[in-house]
Amino acid sequence: MALLNAILRRTALGVVTLFVVSVLIFVGTSILPGDVANIILGQMATPESLAALRAKLGLDEPAHVRYFIWLSDLLTGDLGFSKAGAGAGTIGTPISEMLMPRLVNTLRLATAVAVVAVPFAVTVGLLAAMYPGTKLDRAVTFTTLGLISVPEFLVATLLVLVVAVQLGWLPATAYISGQETGMKLVRALAMPALTLIIVASSQIMRMTRATVLNVMSSPYIEMAILKGVPRKRIILRHALFNAIGPIANVIALNLAYLVSGVVIVETVFAYPGLAKLMIDAVQTRDLPLVQACAMIFCATYIVLIFIADMVSILSNPRLRHPR
Amino acid sequence: MADSVEKTEARAAFEELPDAPPRRRLRLSWSGRLGVCVVAFWMAIVFIGPSISPYHEADILDEALFIVPGSDNPYPETDYQPPSSVAWLGTDYLGRDTLSRTLYGARTTIGISLASTLLAYLVGVTLGIAAAVGGTVMDSALSRFNDAILSIPSIMLALVVIAAIGSTIPILIVLTGLIYASTVFRIARSLGLDVKVSDFVEAARVRGEGLWWIVTREILPNVAMPMATDFGLRFVYVILFISSLSFLGLGVQPPQSDWGSMVRESLSGLPYGSVAPLVPALAIATLTIAINLIVDDVSAHAGGRLAKRMI
Amino acid sequence: MAALLEVDGLTIDARKDDGSLAPIVKGVSFGIERGEVVALIGESGSGKTTIALSALGYSKPGLEFTGGEVRLDGRDVITMPPDEKRDMRGQRVAYLAQSAAATFNPALTIGEQVTESPVLHGQMSREEAEDRAEELYRALELPDPDRLGKRYPHQVSGGQLQRLMAAMALCGRPDLLILDEPTTALDVTTQIEVLKAFKSVIKREGAAALYVTHDLSVVAQIADRIVVLYAGDILEHGDADQVINRPAHDYTRRLMAAVRPPPAAGQGDEALAEHLRDSPAIEVKGVNAGYGRRMDGSVTVKVLRDVNLTVQRGHTVGIIGESGCGKSTLARVMSGLLPATDGDILLDGQVLRPGLQQRDRSELQKIQFVFQMADVALNPRQRIGSILGRPLEFYFGLRGRERRRRVGDLLQMVELPPEFAGRYPEELSGGQKQRVNLARALAASPEVLLCDEVISALDTIVGANVIELLKRLRRQSGVSFVFISHDLSTVASFADDIVVLYAGRVVEQGPTDRVLSPPYHPYTRLLIASVPELRIGWLEETMESQEAQAGIDRVVRMTDTGCPFFDRCPIAIEGTCDRETPPVRRLGGRHAIECHRSEAEFLEGSAPA
Amino acid sequence: MKDILKFQQMVRDGVMGRRDFLAALGALGVTGAAATGFLHSSSALAATPRKGGTVRYANNLHGPDDQMDPIVFTSGIDYTRGRATYNGLVQMRDNMALAPELAEEWSANSNATEYTFKIRKGVEFHDGSPLTADDVVWSMNRHLGEDSPSVAKALFQSVQEWKKVDGHTVKAILKTPDSDLPAKLTEKQAKIAKMDTEDFKKGNGTGPFVLESFEAGVRSTHVRNPNYWRDGANFEALEITAITDPLARANALIAGDVELINQVDSKSIPRVEEADGVRVISTPTSAYTGICILKNTAPGENDDFVKGMQYIQDRERIVRSILKGHGTIGNDHPVGPAFGPDHCAELAQRAFDPDKAKFHLEKSGVTSAELHVAPVRLGIVEICLLMQANLKKIGFDLRIKKVPTDGYWGAVWMKEPMNVVSWNMRPTANAQMAIQFAPGAAWNDTFWNNERMGQLLTAQLAETDPAKRHGMLCEMQTLIHNGSGMVIPCHVNEVDGASNKIQGIPNVPFGSLGAYEWIEFAWMDE
């Protein structure tokens, strides 16, 4: 019951947040100059044709009406049209059609990074927490500290120079067409993935270590020491179980970052992901596309945080086994 | 009479024992102290940097300065020059002195970041504490709004806003401040909620104190320490964020130097082994690492100490 | 035969900020024979826990062993290699901490934690360990022993958890148990049964034990020998009988003197009769209150039900009951911190508005609240001077010199030197902080002082001193006191009237004298009987009585119908007590009992043990 | 007129953001430019093209608004794809001469008001349908009319309509005489698509490559058209994408991830030059970037102020260290040496002279000014920074306000008193000057209106005597040099990067890599 309540409560919160986000995005994109009709018509805009298209698209409605139309379209999966490839006289490309390949690319990269970074970082973070003050711990602490303190564009650029330009091991850019398989795909993803793995792992490692050490200050850990429980078991059984919630949160935040915050990496490696699509859309004032991308990013964040919360709710025996 | 003597003695001897050893004063390890030194160094540069720098940040060094004695080339290259007696840390892509720009850049970079972080704190703490002490309705409204802001990727948000209204230092500060206010809000709110239910706040409430007193005199002083630690971390994030914005070309106005755009501008020198992009990158890294070292030290948990006793 | 554990010249130091060492334990020596229970008694800061932990070769972070040895069967555990230490811990020496709630890992089942040590040490297989655990659950009289292991810590009560910790310690059949204040955090009624369980199980297992506590009454029930500690030194060391009945050292005598006598009729401070005027200072009429206020004004968790009480001017009313009975809630309602859902609070005959915001400053000034934990009730970021000065400024507009003078007076009033005004709370001892806490309330020159468990967190001597101070203040000021405590002895020695709360209801109230003498409400009887006496053998006697049976901890029910005490009551009437709300029986004067039984039935069926 | 202005503004927006519109309005008579260009052109060597290979090309810009509809082509990547997918009626080749493409031949009536084009027979669209006059008429008529979305409609304002004569003959009926029409048909928007095409993303043209996949802002892939109407392309397949970061773009070339890139930034030039297997292709043009000072407002209305700004330009240093030699010194008029004999060589070069600058600025009484800068062309920001640093030395405070390229041409250009511009090379010196400096011209961005200038522009078109022509051109250049508010410190080269495997890139200075003609004519060595 408590469990169900917590889940329902959390779900409701997520939905409310999504709603607030949609309002913010709608309002936020309205501050960009130019409206959709202007954008679709582009250079063939005349006052009459603009008015006509505005009426057709419902742009002459008041803002709140437009918002609800947009929201209901969004909920029914109709993301609208981008001006992309509009050519002359046609209305443009359905946004869903444009997003799909980008989304796939972004997810591909995110997955590649997550699959490597999460297990690696959590393991190393745990090891560091297990042997605090040792050489391993100090190495981990200082390396991660250094890496999170350096702007990621520097990490990316140095990697390109060394790995791609100097050594020629991997391609300097990462454009993928979607047809690549096997080694070709791995090679294409390697550089951006490597950069992101370095950046994301550092964060996850640090947070895992800190979280576990935080749990380590609990009296029940002292009790376990006094019961003669060996170090490994203290960490893996006593500390980790209580740290699952916070660690899940850290992982979720970093994954959300992979999907949305990789602008710089996508720029340096010319990787055709969602973040770059959104930047381009902002620059070309492609409002429907900006809105759609923004919604995807925010929804991803909210869903990931939601999953992390679910994990911590489910890992909490108080909720799982009510009195 | 011997009895009474003994009694007074005993009374004197068995004073109440202190409840607990006095709280450990903040004591920094060598790494923390190193951090303090580095931060102090950069803070000093913020104030004296421009007056000790050999050139102005905008100065494009004359070609004449680089003429190699005996060479017949009257127009030597001035960009991406290696460190020399003319330019101690070499020159950037335009032939400007990297050292001078780094020294000037400290003021811009640290100034903007500090102002942004302070703004983030002003807004975040005000709203966070308001959410904590205000009613449920206010709390949920602010929290949902904040969650929504948090869910928007910050770089994207910055891009949209800058695309719409352009990039000036005030805009940069306000924008960054507001973006980071959302994370501060979360922390301030949860700390505020913790302190709010503490007995000394109840004692103030039961005395009839107003909200202002409770917030400023009872709550804020008690969240100051954890907030200060967080301030350090937040400051680091802001520096990196602003550097990233500069990297994307959305930073300060030229010829003003800030470390992020210095890296970006001179990135093309990297393949030639120029130190121009490395010096500002190093400046960013030393400052952020130093702050992190201090923060790590201050927030070193008892957990770390306990974990060392594990067998 | 060599002792099982020999502590020999043990010195432990704390590493201070400047790197220098401050002695915590100063060359302590004593021994524990097999099967023997040795008590370490001392106030907080005496080093007793530090010594106890050294028996496990362990010191808290920040402390260092700097001298002496702690030998277990002749082997020094301090210098033992890590592997051996790990083997020794849990298997040969087991530890019971003060707060079981904190020492049980919330994420693991009870069974896993109880059996963990013997299984890890290879003493027994998992199945054997589980059988052994179940056997211990039974011996410790824990409910539902065959399924208890599958449950999580939050699913059992505090008293049960405390006993489960004993099971955890005993599971591996250790030679030595270290018990660190294992009953201090418990209610009296729970304490007695946990003590009982510990005592019998230690006896049964034949283990030796080191029992650390500040409570002499508890020590009297369980220890064979007593070591009295003060500031890291042993002051007295001897047989329990000798130390308790013929204490040699002056400090021990002071400890003994500070123990409050068990509650009995005839107590109550008559000295203030002159202050008694029969006009009520504060009245509580038909108050209902609780937490989780809904939109319609009702609450999700109802705590107080139809509470009525009156505090006469200059009078002291003691409110007593187990934790969770609503004592603090009542104080919060009276202070206005928690608005009542129904009923009124009257100050000087005037109805007070329920919430703080609606009350005016003079009303607020007249009722002052002294919080339970001085540690957290004083803002750590304010100096004592500002803590005390603020009410002076707030209520009376005092500033500058005048304010400083009054702060000095207040400090003097609570027997603290005036220079304390410049200190921060953390620089004060627990008792001193509680005095400041009290002085802050007095600064408002209140008519009613609500004292919520003001001495529960204090050591015996310190607490006794605070009580003396309160008595003096009452004599001098004529303030009315509402004195809340779970400790009946304290209340009995201080209050004119006693109000007994159970599950949010007033089950008995009246003058102290009358409440503490028959006829009793069955719950009052249980409370009286549970207060440990500083007398060897008291526990065994009490264990036989029927009150002890009623004490077996059950979850306190909050009911809307019937008597809440029904399922613990030895004289409950099936079919009536569980269905109908008991009537209030007026027994003359202010004395009233809420019970279905008649006065005659109380007297015949339940003379005090 | 208002609509025209609006349209032009919009085109300008497009041009400058990332565009190259009007970069090449044919190159009639511009042989001077060609002469220099040939030095770099491998097609001058008599090597035999090799068939085969997949070439990967990385442009500097792309985005979600990449197009496949020719009439809205606006960027280099669009032009590249357009050249691969479609053909025009007329083509410009290495020798700068017009060559027939889909039109086998054309003729005009005597007063150039009616043109007749014979359409090549046996040409097939990629979907297999034959090319007919209907397709040509439909495609060309899309540029006409007020409501036409064509970005090139200004070019075809002289055309009344296109008419079908028979299955393979079409006529263009003109409103006004226009002897430049064939040259204008080489324009990148003037491509022939299948009649009634609605979805241009399929790219159904007659070009040397068949569009295989197209993802706006990501990439497109193209395979050789096996049924091309002439010998056709040498490459087996094309992959066209963009790498916006200049450093990353150069890295990709050096690392061998791509074979061709455009816009090698000056800092990467030495690296590309030094790296094995790749080369820099630098083509001098008359395109320029400079500082535009409005003459109709303060401070530009003061001639001394403009003089000061012109004398403070360290032109040699700009070309030497900012452009790394890939440019030529400008003389504050738009006709650069790339125009050969049309360039007024006898006009004295304005030199870097801080003293004179100081003198003029002091005389003007202006002590500070604000310059709006957007990175409209590589190097311009650096030029402004150098100018700012030099002005600081003579005690003048120039504040630089960096604004985004986005919307720059609408919000800043021709509005702020000091801004930066970037102009591409026009087909003739006359056109190059007329567009900006004719009195009342829509794009007269310095608002310098000189009557004499107007007269000369008209008269020079009618003049046939070479010496007189040159004299008039020189006078106009001198007028601009002395009177306008334009500061032109340098003309910039088109700098591309190519793998050494890629040979035979034609030399046409009006666009990158031989104005996109490499697609059909370059080849890849083993």
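Should a chain be cited, it is by its letter among A, B, C and D, assigned in written order, with residues numbered from 1 in that chain.
The rule is simple: a contact is a pair of C-beta atoms (placed from the backbone, for glycine too) under 8 Å apart; a residue touches a chain by one contact, two chains touch by 3 or more.
This is a predicted model, so every value here is computed, not measured.
The chain pair B-D and the chain pair A-D differ in C-beta contact count, and the higher one is A-D.
The mean-CA centres of subunit B and subunit D are about 47 angstrom from one another, to the nearest whole unit.
Between the Cα centres of subunit A and subunit D there is a gap of 40 Å. Work out the mean CA point of subunit B and of subunit C, and you get 46 Å between them. Distance between chain centres (mean CA atoms), subunit C to subunit D: 89 Å.
Counting partner chains per residue, subunit C shows two or more touched chains at residues 58, 85-86. Shared contact sites, meaning residues of subunit A that touch two or more other chains, fall at 33, 157, 161, 165, 218, 222, 225, 228, 230, 267, 283.
Of all residues in subunit B, those that touch two or more other chains are 163, 267, 270-271, 302, 306, 308-309, 311. Of all possible chain pairings, those that touch are A-B, A-C, A-D, B-C, B-D. Within the complex, the subunit B residues that touch subunit A are 144-145, 147-157, 159-161, 163-165, 236, 240, 243-244, 247-248, 260, 263-264, 267, 270-271, 277, 281, 284-285, 288-289, 292-293, 296, 301-304, 306-311.
Looking at the complex, you find that subunit D touches subunit A at residues 3, 7, 10-11, 14, 58, 62-69, 71-72, 142, 146-151, 198-201, 213-219, 221, 239, 241-245, 247-248, 251-252, 254-258, 406-407.
Subunit D makes touch with subunit B in their complex at residues 246-247, 251, 265, 267-268, 270-271, 316-317, 320-322, 373, 375, 381-382, 384-386, 388-390, 392, 400-404, 406.
Residues of subunit A that touch subunit B in their complex: 13, 16-17, 20-21, 23-25, 28-29, 31-33, 129-130, 132-133, 141, 145-146, 148-154, 157-158, 161, 165, 210, 212-218, 221-222, 225, 228, 230-231, 234, 257, 260-261, 263-264, 267, 275, 278-279, 282-283, 290, 293-294, 297-298, 301-302, 305. Interface residues of subunit C, counted against subunit B in their complex, comprise 14, 17, 22, 43-46, 58, 61-62, 82-83, 85-86, 230-231, 250-251, 254, 335-337, 356, 359, 361, 364-365, 368-369, 371-373, 375-382, 390-391, 394, 426-433, 440, 444, 461-462.
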